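Heads up, the thing below is written out as structure tokens.
Per-chain residue numbering starts at 1, and chain names A, B, C and D are given in the order in which the chains are listed.
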Amino acid sequence: MSHAFAYALVGAGLFLLGLYALVAYAHLLRKILALNIMGSGVFLVLVALAKRTGDAEPDPVPHAMVITGIVVAVSATALALALMLKVSGKTGQAVLPGRHQD
Amino acid sequence: MTLTDYATACLLILGGIFFLAGTVGLLRFPDVYTRLHALTKADNVGLGFIMAGLVLQAESWLAAGKLLLIWLLVLFASASVSYLIARRALNKGIRIWM
Amino acid sequence: MEAILANADWGVIVILLPLTGGIVCFLWPAVSKTAGLITVAAVVLAVAGLGRQIMEHGAYRHTVGGWGAPLGIDLFADGLSLFMLIMTALVGLGISCYAKSYFNPRDAVWFWPVWLFLLAALNALFLAADIFNLYVTLELTGLAAVTLTALTGRIDALSSAMRYLLAMLAGSLAYLLGVALLYHDSGSVDIATLAQRIEPNATVWAALGLMSAGLALKTALFPLSFWLPPAHASAPAPVSALLSALVVKASFYILLRLWLELFADFAEGVSTLLGLLGAAAILWGSLQALRQTRIKLLVAYSTVAQIGYLFLVYPLASASSGLAAGIAAYLAFSHALAKSAMFLAAGNLMRFGGHDRIADLDRAVQRLPLTVSAFALAGVSIMGLPPSGGFTGKWLLLDAAMSQGRWDLAAVMIIGGLLAAGYIFKVLGYAFMQAKEPHDARAVPAGMEWAALLLAVGSILLGLMASEIFALIHPDLVANAGGAVERVWTA
Amino acid sequence: MDVIVVLEWAFDAVLGLGLLWLAWRTLNSPDLFKAIVLFISFGLLMALAWVRLNAPDIALAEAAIGAGLTGALLLAALARLRTTTDNTMPAQLPAGSWFQRGLLIVLLSGSAAGLGYAVWILPSHTSGLSMAVTANLDVSGARNPVTAVLLNFRGYDTMLEMIVLLLAVLGIWSLGGLPPRPERPAVAVLDTFSRFLIPVFILAAAYLLWVGADAPGGAFQAGSVLGAAGVLLLLSGWRPGVRLMQWPLRLALTIGAITFIILGVLTLLYEQQLLAYPVAQAGRMIILLESLATVSIAVTLAILFLGESPDPEEKK
């Protein structure tokens, strides 16, 4: 059952990696990728720990939650990409104004 | 282990070797066209061996049919997609390695 | 008829009504304005129905699907949730009346369905008793709020909406990771079940940290408030009002609820930290507001400061948590009324002059008296002067701070009040003066002026009706607060 | 048996490290196109991880939505981005100073330790809600526990979920839609490919929808496969007609949510509880909900990819 914990730790790692990139890089597309990886990390924690049921079937409730989460993630990604394109269409650059170094 | 199991193991290992060869080709070959060639040719055969190995273990004809269908779909998709990639590469003006 | 009204399941109706309204607006854009206004008015009535049920029969609980927690999802409303629902319905109605005249036909087609979905999301959020369901409602709220922010399509609106969306999503994911840890620690996402099972251990602490950080980011608690001023300042006026009055309160409510039910007993250190950040927010937000040269940014920074007051509740809560939550809810309500009035007034001033530069307000007092009165009345509540709701709330908070010997927090509150007076009189002062380059006044629809004024009057009325309202939120508040309020009024 | 255990551990280790490595490469490879391709392969590895964790429903959803559609959305956005921006800006441009990033790394390392410990001390054996799900599975109307949770036990979440999808479309449309993608000339092979594949997609979607009640699959998986068929159609140059883009499209986008609301009102009237299906009807209601939700999900995903506003005046 320690497989479950190993995957959960990978999930936590993905969350933090994504968080680092979200803050540390200015390009909006990269920030959107970072959020998606953070999301995958959270989902991995949810599902990996649901496997702590011995030989029985894993707990299905987190599975349903993650399917919900994946749909939220794709909706949010689509909206974020659209906003990014609008911002870059007006400024010529896919970064937020003012909060990055040149 | 029965004879079928041994046959499956052999086929799976053979398939794995083809996949390995395809991947080495993908990494080592010099340009996009040769890489595509390595990838599609070797991997399609590799997948064929793996499917053959799994068919031997299939519980019903229906399951075997599904496996065969998967192989055919992958063949079809990889053929079309590698054509599209190669075409795009040609249009972009990537020269063929000689 | 009477029986139907008494037995109808108002809690569910409060969620389904705006959902249906939003879909109708989406399917028939031509009727969206009418359908939107009718829906919002109907929601106010449904909330009233729910309020009557709760007053008569106590807390409301609905087991969705008939399963019951922890397997199913429960809806739950006590005085606190009811209070937030009333806030949303009334302020939402005021802003809707304003929005009716504000938007051009192109924007109105998008505003109404998204606003109705936002309303449904907020109502669902205040009724949720399940931390995963809260995540879904939070995401709904966030996506709707971002869409509304970007509505004008101007570059400042677009980039602040982008920043807003990134912050929202990061906050939600941190919250969701906390939910994951809590579920795997205690085997439930139902708040009541969790409350019985929860034991302080490292997992729960990590969940607490993640959820609090995510929600603090969404509530724009200093220093996580970087996204708020540009978003609230660049959105269309009714949207700024919705964001400042209602949307930030949603995540604050979740934090408060989690704190009350789950974490209050063992996390005193964290509540000290939240209080310190709240104090910092008051000082920093007020100083920034004072420095601004544009009304909308000034009002937005004022929101950062006023959110700080809400967080002062945490360090003062340890002794009597229910009471403190009541004070926080009351403060949130009075801020919602005052701040929505301010943003709407700012929208009127922009419509009137075509800009929102404070220095060029150009005799707005004479030419737009209702709007300036609305701004001034709302200002009374923001500064915390009697007899406004802001006064009563802040007085109770001050009283709690002094009785617990927290002179530092009391001092911050008083300085915050003085700074607020500074930035509000700055606007009012220029409104009396003639600008260097006088400009013509453009017409402002009467409905827009009256909507702002009525909300501002509401923020004053809230103070006058304090004891009735406290009876609604928390029984103990009447005893404690009644005394405090009377002491002030007789003095 | 020991060999198998070692192999399993080796596989899991390679997969876990591969996920972390791909995530890292996605987030800091200098070329954005490469980053997106790496992200798509990350999604495929995630699908493998879901299979390892006995979560076939999520594996299907991840492969179709997480890697497939999100990847398509990202690539389409990148193609549009390259027509609107100057590409001189380095894609790795850091935000903030070295000092700030150093501070961030210290902070996040601390969080990593704390988070790791918080996960590690969880009890090694717990069933969560699976007992409760199993006990009520017979009366839920679905034999696949994940479907039972999604459409019955927690059907209310799924109802709100349909609105989340709708809001994404509303958001993009209210922005005036996306600039058109740079068109590529039609390719005969792609046309043949799509013509052959789209019926297969529809068949697969119908299959996933049908087995969803008993086995892995369901509305979200079927919807995303169908949505992918739509994306393929759009890629091969097909565009919905102007009339189709008006109310039929709006109805298709909302039909899932509408069904949920109607069923919600009916159950509220007859059962006094929101979405409480009578046991005898539960199976039929779930199939009805899932079929119409599939339509909405598929159309939404394809429209998110298309990105154009239905309003002819908006196309500037």
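Points to keep in mind about this one:
Throughout what follows, a residue touches a chain if its C-beta (ideal position, glycine included) is under 8 Å from a C-beta of that chain, and two chains touch if they have at least 3 such contacts.
Here the structure is a predicted model, which means the values were calculated and not measured.
Distance from chain C peaks, on a Cα-centroid basis, for B.
Chains joined by the most contact pairs: A-D. Chain centres here are Cα averages; for chain B and chain D they lie 27 Å apart. Chain A and chain D have CA centres that are 12 Å apart. Note on chain placement: the centre of chain A and the centre of chain B lie 31 Å apart, centres being C-alpha means.
Look at where the CA atoms of chain B average out and do the same for chain C: the two points lie 58 Å apart. Residues of chain B in contact with two or more other chains: none.
For chain A, residues that reach two or more other chains under the stated contact definition are 12, 15, 19, 45, 49-50, 52, 61-62, 65, 68, 72, 75-76, 79, 83-84, 86, 99. Counting partners per residue, chain D has 115, 119, 122, 126-129, 133, 153-154, 157, 161, 164, 167-168, 171, 175-176 as the residues that reach two or more other chains. The list of touching chain pairs reads A-C, A-D, B-D, C-D. Contact residues on chain D toward chain A in their complex (touch as defined above): 8-9, 12-13, 16, 19-20, 23-24, 26-28, 32, 35-36, 39, 42-43, 46, 49-50, 52-55, 57-58, 61-62, 65-66, 69-70, 73-74, 77-78, 80-81, 84-86, 89, 91-97, 101, 104-105, 108, 111-112, 115-116, 119-120, 122-130, 133, 145-146, 148-150, 153-154, 157-158, 161, 164-165, 167-168, 171-172, 175-176, 178-179, 220, 297, 301, 304, 307.
Within the complex, the chain D residues that touch chain B are 187, 189-190, 192-193, 196-197, 200.
Partner chain C is touched in their complex by these residues of chain D: 114-115, 117-119, 121-122, 126-129, 132-133, 136, 152-157, 160-161, 163-164, 166-168, 170-171, 173-176, 247, 250-251, 253-254, 257-258, 261, 264-265, 268, 271-277.
Those residues of chain A whose C-beta lies close enough to touch chain D in the complex are 1-10, 12-21, 23-27, 29-30, 32-34, 36-37, 40, 43-45, 47-54, 56-68, 70-79, 81-86, 88-89, 92-95, 99-101. By the touch criterion stated above, chain C contacts chain D in their complex at residues 9, 12, 16, 19-20, 22-23, 26-27, 62-67, 70-73, 110, 113-114, 117, 120-121, 124, 132-133, 136-137, 139-140, 143-144, 146-147, 150-151, 153, 158, 181, 183-185, 187-188, 201-203, 205-207, 209.
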